[in-house]
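First chain A sits with chain B, and in the next complex the same chain sits with chain C.
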Partner chain A sequence: MKISTDRDTLLKPLQLVGGVVEKRQTLPILANVLINTGKDGMTLTATDMEVEMSTHAKVECDTEHDLTLPARKLLDICRSLPEHATIQINVEGDRAVLRSGKSRFTIGMLPAQDYPAIDPALSSERFTLTQKKLKHLIDKCHFAMAQQDVRYYLNGMLLEVGDGQVRTVATDGHRLALSETEVDDPNGIDLQVILPRKAVIELSRLLEESDNPVEIEISSNHIRFRMQETVFTSKLIDGKYPDYQRVIPTGSDKQVFSDREMLRQALQRTSILSNEKYRGIRFHFTSGLLQLLAHNPEQEEAEDQIEIDYDGEELIIGFNVGYLIEVLNVIDSEQVCMHLSDANNSCLITNKDDDSNRYVIMPMRL
Partner chain B sequence: MPQSMHYPWHQENRDKLWLTHQAGKLPHALLLSGARGLGKHPFAIRFAASLLCREPAADGVPCGTCQGCRLFRAGTHPDYRRIEPEAPGKAIRIDAIREFISREGLTSQAGRYKITIIEPADALNVAAANSLLKTLEEPVPHTLIILITAHPGRLPATIRSRCQHLKFAPPGRPQALQWLQEQGVADAGLLLDLTSGAPLQALGLADPDTLGLRLRMIEEFEGIFNGGMDPVEIAARWSRLDQPQTMQWLNGWIIDLIKLKISSGHQTLINSDQGERLTGLALRADLEMLYNLLDTVYEAIRTLGSQLNAQMVLESMLLDWSGCRQR
Partner chain C sequence: MHLDMDAFFAAVEQRDHPEYRGRPLVVGARPGGRGVVSTCSYEARRYGIRSAMPISEACRRCPDAIYLRPDMARYTEASRRVMAVLDEVSPLVEQVSVNEAYLDISGLERLFGSPARIGRLTKRKVFEAVGLTCSVGIGPNRLIAKLASDYRKPDGITLVAPDAVQAFLDPMPVANLRGVGPVTLGLLQRLGIRTVAQLRALPLELLQAHLGERGGSHLHAQARGRGSDRIEAAGQRQSVSKETTFGQDVSDIHVLKNCLRQLASDVGHTLRREGLRGRVATFKVRLPGFETHTRQRRLGEAVDSDVAIYKSAWALYEASGFIGRPVRLIGLGMSGWEEEAAVIEDLFTPREARDRERRLYGALDEMALKFGHRAVSLGVKKGRG
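What follows is the complex of A and B.
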């Protein structure tokens, strides 16, 4: 078996799948990358048993063959070769020999049939989105996912499809983020799956701001994202997501409009003297004016005032400022709208004139 | 699967468990307990292989050729994991359990069971055991956690009460003898006596070197009693040997001495080949001191694998032994 290519053709796909290979693996074979060669090139696959990344490289191969090679070493070798160097990989017995110019590397292999790749023939439901839309869905809400919560189903992001809409939801029990958009090919799918945290982070890195399609396939155990050359597969969280609809306040009678950037900066300033652990800030809404007040255990105090568009009753309410800043960071519009009712009820934050992204933050008792 | 994994005395437990599985009533946590050398570990592995096989036979024998079987054999099956101490005799730490819990909520890769074997379960330290409780009580569907231990009493009651208990008893003597003879073991009867009927442990001892070492050790044991040998020097030597085994020898000798002290006759001795030597020792030993020594040995067995210095434990034990002579 012989593979001929040049350094740059090999380097990019290797870097892509190499990101999935964990530094500390429990099983030696997980340090390897699975290579399936065929007439039109080869497929590289890496997994950490939670997510799997697979990509295609247009190289010349003489036969169909499956092998695994140590990912890290292969990547380091390719990286250290000069640019545009030609590379030849020959398989000889249980070793692979990589030649480039006057360099020669003999690399150990592990049997390809022992590689725990995900069986491809399992997907049942599928729909399509553009990369941009999917990236948007993820980036607008992934920050609200829980981390190492005993409620394991919160350590991930809900992906819900129904009524021609696709929706992502993340919550850690204190705040919630929701983002929705239309599916490009609505064909009566109705489902809910929870993506593990790791897959969400990996996907957000992988997706680009492009109009290229992503084909999403969902089976009972896996979700698979097909892009042009790359296929990303992840296990799912095997649990039931809480009924998030009940958390989103509907009866809010007070609407506060504010300039997003102005509010963000004021919060940022005030947060400096808030309690480092609880990060509570007092919001005092009066007609046309928002007063912010923070103090910490050292008796230090920060006060700020900004103008807002509000003409309702006076309201005093406390929030964790960290949660608010994170929300303001991902909202695109210039104006934000806070929907409030009283000091004991959650606040809903949306764009001024579009509610495809909704954020709910629970108040704090100060 | 290798033929050696089919131990005839597992048949009953195996059939029972497989039927439970086919009835869809498999518990999410199993506790396998029983003395060392009864094959609890191979039993668990075999059962895991059956569950992960795509087309097991009607009685649960894995096909050995499907992808599940292939990956399992290669040790790379994504739905199977083992949790064990980092080094033998050390504790299983909370990090290992946390790592397990963080992935436990995920779906299985092959769409079948996700199996985790925790062995030895009594090596879980307190923090690790406590952090396991929540998951052990209510794992996601299609999870099977198998805990294996020779000392179920050492597990916290909170762990035990969350598992279905499957006990392993030594096989009947004829069955064990027959099996050992099939493995080409000579002194099968003696070896079974020495290991309280645990066939795999007996097989492990069926090695002239091990038995020769035991003979030398019992000579030294006698020598200490007679005053001809230095307990401290012998303790230093023994502390370099396999400690669980050494303790088991000592335990057996002392139990035999007590038995001989109470009634004569060699029939029921553990060390059936050493009847005369032990009778000679028993005649001159003090019964109460033997009982005290037995307590010390039990205590030492309990603390095996802990921080205690093996040499010092042995020293104090052998010094006690040298003082067991009747005044």
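What follows is the complex of A and C.
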């Protein structure tokens, strides 16, 4: 069996699937990438048993053949070869030999029939979104997912479809992010699934700002995303996502409008002297003015103030500045709106004139 | 100055039960089961029984001894009174366990007299307070003080002046030094080293070559009588943990769950009493064959409630992959303290629920104080155990 290709044709798909391979594996073969060659090129597949990424590379192959090669090593070799170098891979016995110019690498293989495949049940639901839309849904909220929370269902992102809308929600219990948009072909789907954290992060890496479609198939315990060259499959988290609607405040009587970038920069400056662990900052809202104050255990202090559009009563409230900065980083509009009621209740942050992205942050007692 | 209560648990029992006096007495695990000797009286030591010896071994050596299970409440009470006495002697007392403490007695001459006098005075005061004897060692640093208190036991007092340190150490077997366990001891024996004097003759480089950089320099310093002279009053605890060893290996998940709940409530109680909230949960399990595993996880927030401690330990157990295998020992703990000052409320746990929880645990802790520990504990809904 012989594969010949240009380095860059192989490198890109290899980088894509390589992200799925964990640094430490439970099975030795999970360190490998599965290669299925055929007349029109080869398919590269990697899995950690929870997610699986499969993509096509247009390389020249002489026969149909299945093999697995160590992903990390193959990737490092490709990366270190000069740009557009020609690569040849031959299978010789139980080894693969990779040649390029004067370089030669003999690499160990593991049998392809041992490679574990995620085998989803027949999908009952499917719908389509453009890559761009799906990317936005994910990028606007994935930062709020929990990490290693005992409430395991928070270590992922909720994907909800219903009423012609598709919505993503992420929360770690202290803050929540929600993003929604219209489905292109609603056909009466109504479902709620939780994607694991790793799947969300890989998807965000994979998706592009394009109008190409992504076909999404959902079965009882798997979700599959089909793109032109690439198929991404993930297990779903089996659990009940908390009632997020309940925690989005509705009765806030104070509305603060601010220039997003100005606020973000002021927060960034003030955060330097906040407590490194808790990152608490005191927000003091008065008519037309927001004063920010931070201290740390070394008794150092940062103060800042910016002009805002606000004419309600005075309010002092504490927030974890990291949570706010993360929200301001993903909002697109020039102006943001903070909806507040008092120092004990959560704050809702939205775009000035569009609430398709909503962010809720719990205050901090300072 | 180092003070060590003599055969503490056994001495408390002999004090409270005159009929036990003068007889070999062992406080520790139930004979016939597994577990070890916690403390034994000096009469029992004559039979070769030692602390930390398997209980079965002790039974073999002296079947006629009195075997008792520890009654921590009484020992803690006696310990508290001893520590109160020590606090009167020196403003700087570092309690290292229920029966041991270091006292900084430098600069107290004007108040109480010479170090030897302070030692005798402390022993007398301790005896007056609890009716128990202790051994006292006085030296220029912790190492010497500790070795000195061990030197004449029970009811001894040993003073090692700075210029007598070397003469005091030289004839000692190296096994007396800190950090010399069976492995190091075997190694030193192969080098032909038996006494501290012989150890002192070895160059630092040689010790480091055999025992590693830190181990080597540690022994090198000890052989010269050098040790820390810092005494820190009541250093904050690093962690709170509890564990249980089963008499017989347990695989029943309900028994394990209940056991973890009980341990969680013990740890939770201690945390709340000391005003600590932990962010790091630890789970420990020992399988047959002494195969011990621990798992740790950083929590989303610092907790002190029984339920939260139990849940995080259980989650670690579930994730460990050991569920279903027989268990010899199970335990859990909390560490990574955080102040409550900057707590962020949880979106999904309303403030009222938190306040309710706080009141609930307040009431539980109060009842535990009044009616004894474990008098009341949280229930589990039927069918959810």
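Convention: the second predicted complex is superposed on the first by the 287 of 366 C-alpha atoms of A that agree within 3 Å, B and C clash if a C-alpha of one lies under 4 Å from a C-alpha of the other, contacts with A are read in each partner's own complex, and residues count from 1 in each chain.
Methods note: contacts are C-beta pairs under 8 Å (C-beta built on N, C-alpha and C of every residue); 3 or more make two chains touch, one makes a residue touch a chain.
These numbers were taken from a predicted model, which means no experiment stands behind them.
The superposition on chain A brings chain B into a clash with chain C.
In the overlay built on the shared chain, the residue A:277 is in contact with chain C alone; chain B does not reach it. Within the superposed three-chain model, A:6 lies out of touch with both chain B and chain C [touch as defined at top].
Of the two partner chains placed by superposition, only chain C is touched by A:176; chain B is not.
Of the two partner chains placed around the shared chain by superposition, chain C is the only one that A:363 touches, whereas chain B remains out of contact. Of the two partner chains placed around the shared chain by superposition, chain B and chain C are both touched by A:150. Once the two complexes are laid over each other on the shared chain, residue contacts for A:222 go to chain B alone; chain C is not touched.
Of the two partner chains placed by the overlay, neither chain B nor chain C lies in contact with A:304.
The clash between chain B and chain C in the overlaid arrangement falls on one stretch of those listed (4-12, 40-48 or 130-138), that is 130-138.
In the superposition on chain A, the residues of chain A touched by chain B in one structure and by chain C in the other are 148, 150, 152. Residues of chain A touching chain B in their complex: 26-27, 29-30, 47, 49-50, 111, 113-116, 118-119, 122, 148, 150, 152-153, 155, 196, 220-222, 235-239. For chain B in complex with chain A, the residues that touch the partner chain are 67, 70-71, 74-78, 81, 101-111, 134, 140-142. Against chain A, the residues of chain C that register as touching in their complex are 297-301, 311-312, 315, 338, 341-349, 351. Listing the residues of chain A that touch chain C in their complex gives 146, 148-150, 152, 171-176, 242, 247, 275, 277-278, 280, 320, 344, 346, 360, 362-366.
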